[in-house]
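Shared between the two complexes below is subunit A, which pairs with subunit B and subunit C, respectively.
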Partner chain A sequence: MNPFFAIWKKLAGSRVGRSIFRVGLPESSLGRAQAMVSSFLLHVHPAKVHRHSLKFSYTFGLGLISIYLFLILFVTGVLLMFFYVPSTDRAYSDMKDLEFVVSTGVLLRNMHRWAAHLMVLAVFLHMCRVFYTAAYKPPREFNWIVGVCLFVLTLVLSFTGYLLPWDQLAFWAITVGTNIAGYAPVIGEKIKFVLLGGNTVGDSALLRFYVLHVIVLPGAALFLIAIHIWRIRKDGGLSRPDEPDNVLQQIETGSMPTNKSYGLMELAKGTSPAVGINPEDQVSAWPHLIFREILLFMATLAVVLFISLIWNAPLEELANAVHPPNPAKAPWYFLGLQELVAFSAFWGGVVVPALLLVALITLPYLDFKRRGVGVWFSRERKVAITIFTICVVAAVILTVIGTYFRGPNWDWVWPWKEQIVITH
Partner chain B sequence: MNNKSSNPAPAKNPRFKRPEASPARRRFIWLTLGWAASLFAVIACGFASVRSLIPNVLFEPSRRFKADHPEDYPDETFTFIEEVRLFIVRKGNSYRAVSALCPHLGCTVNLTAGEYPFLCPCHGSHFQENGDVVSGPSPRGLAWHFVSLSKDGRLVIDMDREVNHDKYLIV
Partner chain C sequence: MDSLQKYYPWFGFLGLVIGVLIIVGYFKDEFREWKQWQHEYIEQEISRATTPELKELAQTIPLEIRQIVLPESRRVDRCTTCHIAVEDPGYAGYKQPLAYHPNHDQHPFEKFGCTICHLGQGRATDRDAAHGRVKHWEQPMLPKNYIEASCAKCHTATDIPGAPMLARGRELFEEQGCIGCHKLDGFGSSIGPELDKIGAKRSPQWLAQHFKIPREVVPGSGMPPVKLKELDIEALTLFLLGQTGEPLSEYFLSMKILPAPEVGQRIFVQRGCLGCHSIGGTGGKVGPALDGVTKRRSTDWIVQHFREPAAVSPGTVMPRYDFTESEIRALTAFLVSLSETDVIGFLKVLQPATPEERGKSVYRKYGCAGCHGPTGKGGVPNPNAKTNQQVPPLMAEGDMADIFIESYITEGVQEIAKMNSNGPQPPLYMPAWEGKISEGELADLVSYLHTLASE
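Now for the complex of A and B:
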């Protein structure tokens, strides 16, 4: 037995160890199940998982990666709060202090910024994965909606975080963003006024965005993440193809047999995790799931650390209300939107995003036939896949155009030609 | 139903006997009142929370700005005033104040040497000398603000008052 394992076993099995871990290190199937059920931190997992759910090529771990990035953002964000005061006098110099005065301050800020970018990417790819594997079909419709809300929250969290450094990018991104909100019909101007706490991007706007960024939105995200994970368990684990010889049975609630001792089982509604599963297709979550999760966390952290050690998070000049940078560009994930807005603020900034959101939310209720569930790019879903792919490709093209093909005054440029840089 | 309601009002009929107040009705009334009161309390709290977020006092620069004397601005020029982000345009003895805020998404427009003097760097809206849009995504032209003279003979610009593109201050 390897010595680390022996030490761990001794500690976990000691009087104190058992008081903490409740059950010792698992040595049998029963113990493995107990380890999952009796631990607060592990009990969100099932005791046993389906082999299909462990296939990396099915999920690419994107949901977990999103959660890990959220965790990294949470920790680095709390640490950054120790060094940041949300006022127009202090904010920018606090950024400089993080760089030059605070030990590892640069690393913290880099990790926070890059993890935020990666999280937007991971959440978006996770949504694509769920779509292309038809994982939003019944009984998982509502969890898809929770996911859409989390996607929007991710974007808003990153948007509110943008203002905080009080540099040029911050000031102009928020100016443009809140003006887009102002185009919303009827209440647009009011929303803009309340968001900014005034008519211009100033101290009250900074404070409002700060409070939204550090407590309101993360709190909402945490709440929705909890529901998202809980629903995965209640909806029968990750989506997977139906077993050919097991007809999925729906258990109705309401009629409690009084003559049976296992009556409580009947309370569970819908497809319980045990329905439609062959016992031989299941493996213990400990160690198969747990160790994969730990490995994935290590990989995520490694990538974030690697990026943060090599590239510094951008910080432009101090915010200047007189001279917008030219071109004034939002972060890459908003450049598709900015490209649309450059055609028309109302259509591109309000109507198109609103329609996309409505389409995403109503999707699982319009496309609810259980076809192609658990399979990537199922041929039975040609229409849905085509429509979704067109939207994704359009978003990617717009983003690429906004990122590489737009120069000063938002004029078309060829990225491989020499650029004229206009500095003010 | 209609036949019944066409009967004379029962309260005026001396032979009408008041029905016993039924427990079910009493229960219904109390429940309705209780729920209505709770709902009112929750809505009132919600209103109070939202209302507190709408500022009553703005700690921003005044929306009325006192500029220099009219003769301090050379003839046929656009003078940019940084604090309030607008241009004071003088033509002979006429003065106007053209906002530098692009009506599209609020970027500050730049003066350019080209055919049209105002250009928004964010999304490329061009504006004519009088503020009208020539090209680009801006839905409106640049706003003109109301210009007046103070008692000590200086220009005063009221940014809460927009005027039509034919209203100058003639000094």
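Now for the complex of A and C:
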């Protein structure tokens, strides 16, 4: 027997171990089910999980990665809060102190910054995954909407955090970003005023963004994440094809005996895993799901650590309201929007994003026939896939253009050519 | 249980990766440049120790970040983390960063910090960042040869001891007539940009190059090149570097006035002391004459008398003037100097000059020389001006009627006639001095201009 396993077994089975975990290291199917159900942290999982849900190439773990990044952001964010005062007098010098005198301050800030960017990316890719596998179709329509809200929340969370370092990058990105919000008819200027606590980015804007960033938005996100996960359980686990057997060949789950036993938690509504599903396709969540989840967390943490050790989060000059950089750019995930605004403030800044949001929210109610569910790029959904792909490609292209191909006065530049830098 | 086995390599691998990354992160954070210098300092201290007790003491010096916190001027200077021996004269002649900083008695570190004079990034603790030679830091350290510029942040007097370059720069600034086009401290005209914060915006290299060939750094600039020797260009650059417009804390403001006789003399004249007191027979008779006052009174008495005249001289009619402590020190120094040096030099300053002489200083005060030359001979280039693309000389004006010259000065000439009517507007023009120049100054200036015509 593996020596690690022996130690582990001994620890989990000891008096203290049992008092914490209730059951020892599970050795039977019953034990595996009990391990899941009797643990507060594990009981959001089913006791048994469908083999298809474990297939990495189906989900790429994007939803979990998003949650893990959120967790990393939460922990590093709380630590950063110990060193930060949201006032225009102190914010910037607090950044400097973090860099120069706080132990691991640079690493903390880097991890927070890069995890935030990665989370925007992961959530976006997760949404694409859900679309391309038609996972938003009944009974998961509402969870798609919760997901869209979480996507928007992620963007706003990242955006509010962008201002906090109070450097030129932060100040002008937020100025540009809130100006885009101001283009909305009738209420645009009002929204901008409420967001900034004034007409320009200043002390009150910094305080508002801070409160939103550290309390309001994470709280809202946490609430929605809880609903999002709870709905996954209630809607019968992850989406999968109606006849998944033929796509399961590649999944290795080892020689786990299947005793055809059901956990109590699996007694759910009509679409639950317990109904119409062959128990042969089920494997114990312990260890197959749990171990994979832990491994994915370790991988995510490793990537964030690696990036943070190599690249430093940017910090430019102290914010200066009379010296706009040229061009002043919004955060990268809004540069597609800024590019559209450069063409037309009203169409690009209001109509297109509003239409996109409405389209995303109404999607599961317009496209509700259960065709191609659980299959990547199903041939039965050519039209939907084409439209969505065009939107995604357009968004990516616009973002790339806004990021790399726009120079002073928003003129076209070739990123590989040397830029004329106007210095004073 | 073999189904668990296949996960172990993964746990092992990822655990190892995370472990390595955390260890790398720890060492990256733990290694800081300043620790190396503090180690070296401690070694020096140990080797310099003369007694076993001192040696033991030196061994207990902790490795730590050292900083001077100046909440009033919103600075935290951590320079002494590496420059740890700045206050120990025993380190004179040592290599940086362990060298001693001479001449700091007047500017104690705990009150001034470092960056107020040297600039750079006080909060930083690694070399390049601290010296400000990194991207996104706007104030790199002031090069040593320009260090006198920082004196001008607080000291407005021309006679700061130990700052000859600054004095020369200020003199050149007046001589060259810079304020004929530029505003400084709210004084001057607006043909060129204001110079109040120029020192915080521009680098020494930029300024020097701009004096030599303005168009090279500001395309299309109308500023005529400043034709000076290299050292004078440097002095002028240095003077402008000191014009940072930085708001100073109360403490620095109170230190602004030097306790020097020359400064005291200026305050003495400004505050109208001669209204009551006389020196060398000049001045009022209400109060006692002040020649040789130190023979009669002690310095303490004089200081006390400035603070509260009635306290040391009961029944005196001299009012309390609310002088600041530094003004009192300067005035006292002046009175002391009266009995040590001859008073004739002082009286010369008070002698009323002729209108022509006064006019000459008015000409200088308003920067007329900037365009019309130091003696009114003109010749400063003004591209596309009808007058030979130059600012015209003033000899001809000297022959005109007073009233005509006066209106020319007060109203100015905003539209300069073009040489090529399709070409651009000549950049230099005569600003209107109405409201800026006083009646008396105007009359004196006209008298001076007449002397130019007769030459």
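Keep this in mind: the second predicted complex is superposed on the first by the 396 of 424 C-alpha atoms of A that agree within 3 Å, B and C clash if a C-alpha of one lies under 4 Å from a C-alpha of the other, contacts with A are read in each partner's own complex, and residues count from 1 in each chain.
Basically, contacts are C-beta pairs under 8 Å (C-beta built on N, C-alpha and C of every residue); 3 or more make two chains touch, one makes a residue touch a chain.
Everything numeric in this text was worked out from a predicted model, so none of it was measured.
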First (subunit B), second (subunit C), both or neither touched by A:F306: second
First, second, both or neither for A:F291, with subunit B first and subunit C second: second
Contacts of A:S93 with subunit B and subunit C, given as first, second, both or neither: second
Partner chain in contact with A:T389 - subunit B first, subunit C second, else both or neither: neither
First, second, both or neither for A:V322, with subunit B first and subunit C second: first
Partner chain in contact with A:T200 - subunit B first, subunit C second, else both or neither: first
Interface residues of subunit A shared between complexes with subunit B and subunit C: none
Of all residues in subunit A, those that touch subunit C in their complex: 1-2, 4-5, 27, 89, 93, 96-97, 99-101, 103-104, 106-107, 167-168, 252-256, 287-288, 291-292, 294-295, 298-299, 301-302, 305-306, 308-309, 315-317, 424
Interface residues, subunit A side, partner subunit B - complex: 172, 175-176, 178-180, 193-194, 197-200, 202-204, 321-328, 341-346, 408-411, 422
Partner subunit A, residues of subunit B touching it in the complex: 53-55, 58-60, 82, 85, 104-108, 110, 119-124, 137, 139
Complex interface listing, subunit C residues touching subunit A: 1-8, 10-11, 14-15, 17-18, 21-22, 24-26, 28-29, 65, 74, 76, 78, 121, 123-126, 129, 136-138, 201-202, 206
